[in-house]
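Next up: some structures, all given as structure tokens.
First chain A sits with chain B, and in the next complex the same chain sits with chain C.
The block that comes next holds the complex of A and B.
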């Protein structure tokens, strides 16, 4: 294997991991605070991608990258008010089924507006070319995606660690009752986290446009990946989700190169192995 | 006594339930079941499949239907797995009372459905799958196919591959039945021409990142053969362009990859690809011209190969119903076997020995559309069915 081939594979793994990281972080954040696995997350990501397609055509890629997460944050507020808050206290299975239902409602709505034919989004002209890296020409958009993906997660980690609202989020995810007794407004915090989680899904959707095809199946496909990553990373753990995303990316790439016939099974084998070896996942607990 | 009573009541209930269905097929509209997939990569074709079938039914009904009855379309969507396809077909046959099924049917679905058709008492006319297995072990009495199968596609490509001068090939195919059988057929064909296949990769359905596959395909070869479908094809095309993969090859061939129904999304990512072309709206004949005019009026675009295959499947069914004077599947099956019919493809024959339609197939190159917006096919050649189809396999048992 040549150096340039190896470098390309590492970059491929990181590009895939970065997209999954953004999505899985949003999912982990909501789970950490609400204890609800949001099965509508894949559909929210798909909605973000379609909104990104439309906004990109009328406003351009860069405005879409700002505009769509804001719209999706509003969708997150609606999700919080209409689903997460009224059903808080229900069992995890109930919440999973309810959010799955929300996703199933959103999908036909997307079909209605945009149709079922796949759509394509071009990268912005400044990122359309390739750049030389250690003897290989590598697409600039993938490098941008990798940087933005991991940069977003670092920003999220800094927010959780260094701000009052971040500290409150960590506190509520560990001991909601005590946090409330200490004066933390959990409803307001939950609203913030739901908005952030869905904004992340929308952000990932816009970023995915020039990377993948925008199509009706994109949400359900990536939801399974995200669930694996969140479980492997440790339920509700942001740091764990980042590590698990990178491991997932490398497993996919290594599998495709060296064990192509088993590549499709690799994520599930990882899930089984982690559940046996370390059932709590890579992370140290919720929202860490 | 009580047991007999229970049996009698159950028998009466069964009779009550089945009688309306049975009689409904002797009068009233002739129900045609359409399977569509509403999730996964094939979901992208759902609306188009439905529209193609609706237009085909409209055309046939305007021509008088069959036996003085009109055709009626019953749509059944499913999740896209072989099991869900069987379940959807069962619902169509047992609840909706259809006697003929068509629609979106990847090869794995066709393989799962074909053994069930006799017990469901339905005819299936497949205008979708390509696997070679349906010409051999997958053959079934009530299964008929309109689409050209992989061995025929490989045979058709042979002339082109020989002419291209490319001796070394890389392949990327979908990691399911059709992709594997086609890769095998293509590799054998390249070997027979004295060439070699250097890499044959298989990508799972729904692959998000083709980067690792593209890096492997960058290893030098003269020709690249791409057999990816639906949204997977679009993702691969887009990502290869960012890597400049196609520029490294002398010739890039596509099988189900660069197709007209996805040209809007594929754009110039597939410029120069030479893809299989089983139908083009410019095909000669008045019947095709009339169909193109009707389709264009209703859909706002010319028909593509999937639309045309749906139309031809229904034309054949209509002709078989008229010939057999009934919709009873056993009789329609007999009528379909060896049926010679004038369709939008011209005069074609449904071969009795393996239930495959001997129809045209060729190749087209993706070029810029004449108006400069988007891309279009330039027909390179079209061959007739008898030139391409191999003799029926002795493995194929249709009786």
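The block that comes next holds the complex of A and C.
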């Protein structure tokens, strides 16, 4: 195996991991606030990708990257008002089923507007070429994706660590009742977080367009990976989800380099290993 | 030992819930064998192969939904990755049928998937309901990745799926009988009856009482000296075996196993059937499966099935968590109360 092949594999895995980090942190945020595992997240990501396709064709890639997350944040507000808030007293499984139903309603709507044929999105001209890295030519767009993905997570981590709203979010994720007793307005916070989570899903969708293709199955495949990442990270722990995505990425790297044929099994092996070794996941999640 | 017996007897009556649909048959136990035997002769009445095919699909779906409903009722656990226990036995059957005669292959597939369920159960029943749902979903997805591995292509057929050639016969049916809906029907129907009987008797057994007591307060059961882990493994294994009967029958009927069997949507069908029908009663999942299959027939052509499934799921979970069975039971008790008032 040549060195350049190994480097390309590592970069590929990192690009995928950065996409999953964005999605998984959105899932973990919403779960932390509302105790709801958002099974519509895959469909939201798919909607974001399709919106990104259309917006990219009429406005260009860069405006789409700003415009789509804003639209998706509005969708998140709708989700918060119509689903997350009225059903907040329900069990987590009920919430999972309801959001699963929301996803199932969104999917045919997307197919109705855009059809079911896979669509391809070109990267913006400034990122269309390849750049040399350690003796191999690598697509510039994937490097951009990796940088933006992890940059987003760092920004999220900084927000959670250094601002009052971030502190409140961490507090509610950890002990919802006590935080409410201490005067945190969970409804307002949840609105913010739902908007942020779905905006992240839309952002990931736009970013995924030129990297993967835009197709009907894209949401459900990545959703399961993200669910695994969130469970491995520790339910409700946002930091844990970020760490788990990076670990997932590296396991994918090692798998891709040393056992290319079995690399698809890596996330499941990670899940099983974590469950045996530390059933509550990496992070300090919700205490219930 | 004596003490535990007393405890379970005390727990018995209040936890025992009987659907009002079953009230009528109390003291009329002869009804059930008659229905079971009469049902096997349904192809004499329903001559349309299309309708019979639809009913067969509904029965196969109902078997999986009964297994799911059993797990939901006894343990409060909803399995999202039902597909794992539909696809795994189907593939096991295909692998075994290539080497042994059909009867042995069916037995091996059933035993194999039961052992597999037991091993999985050891890990997953400790999880709380939401992680449990997600773990089983990951399990199904993992199996799907396994069967599509390039290295296993000679055995599983990869993305193309696996055609099966059956040698010999099972319950007197050979390959062509199994693929013929008229001769296949009695087997599917009697399997559904068997599964309902198992679910009914486990529900009323000591195991059923203990399971529901654990569900309502696990800590108290532990303090009272009950093992709370083994009964749940048993329930998970029973439910998964019931679901794998559905998988084996699907494989026998179609002589084909494909990665789609392990897809989330395959399991999603029986999950929706179970929830819409109502897990609390024995016949709820069966009613849900029938409704699902006819809805699929009506909407399948337009491609709006997912949309209606989504709406049905939200409406049932949000508005009537006990499903159709709950609605029927409520309506029946209202009618009874009304009749009593008139007297």
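Just so it is clear, the second predicted complex is superposed on the first by the 276 of 288 C-alpha atoms of A that agree within 3 Å, B and C clash if a C-alpha of one lies under 4 Å from a C-alpha of the other, contacts with A are read in each partner's own complex, and residues count from 1 in each chain.
We take it that a residue touches a chain if its C-beta (ideal position, glycine included) is under 8 Å from a C-beta of that chain, and two chains touch if they have at least 3 such contacts.
On a predicted model such as this, the values are computed, not experimentally measured, just so you know.
On the superposed chain A, the positions of chain B and chain C overlap enough to count as a clash. Residue contacts after overlaying the shared chain place A:92 against chain C, while chain B stays out of touching range. Partner contacting the larger number of chain A residues, of chain B and chain C: B. When both complexes are overlaid on chain A, the residue A:228 reaches chain C alone and has no touch with chain B.
Of the two partner chains placed by the overlay, chain B and chain C both lie in contact with A:261. In the superposed pair of complexes, A:81 makes contact with neither chain B nor chain C. Touch criterion met: A:220 reaches chain B and chain C at once.
In the superposition on chain A, contact of A:273 is made with neither chain B nor chain C. Contact with chain B, but none with chain C, is seen for A:119 once the two complexes are overlaid on the shared chain.
Comparing 41-49, 167-175, 275-283 or 311-319 from chain C against chain B in the aligned model shows that the clashing stretch is 41-49. Residues 111, 220, 261, 264 of chain A touch chain B in one complex and chain C in the other.
Within the complex formed with chain B, the residues of chain A that make contact are 5, 8-9, 11-13, 15-16, 19, 111, 115-120, 123, 128, 130, 137-139, 141-142, 210-213, 215-218, 220-222, 225, 252-253, 256-257, 260-261, 263-264. For chain B in complex with chain A, the touching residues are 39-41, 43-48, 175, 201-204, 206, 208-209, 211-213, 215-216, 230-231, 234-235, 238-239, 242-244, 261-262, 264-267, 269. Considering their complex, residues 37, 87, 91-94, 96-98, 100-105, 107-109, 111, 220, 224, 227-228, 231, 235, 261-262, 264-265, 268, 271-272, 275-276, 279 of chain A touch chain C. By the touch criterion given at the top, residues 78, 80, 123, 126-127, 129-131, 133-135, 137-139, 141-142, 145-146, 149-151, 264, 268, 275, 303-304, 306-307, 309-314, 317-318, 321 of chain C touch chain A in their complex.
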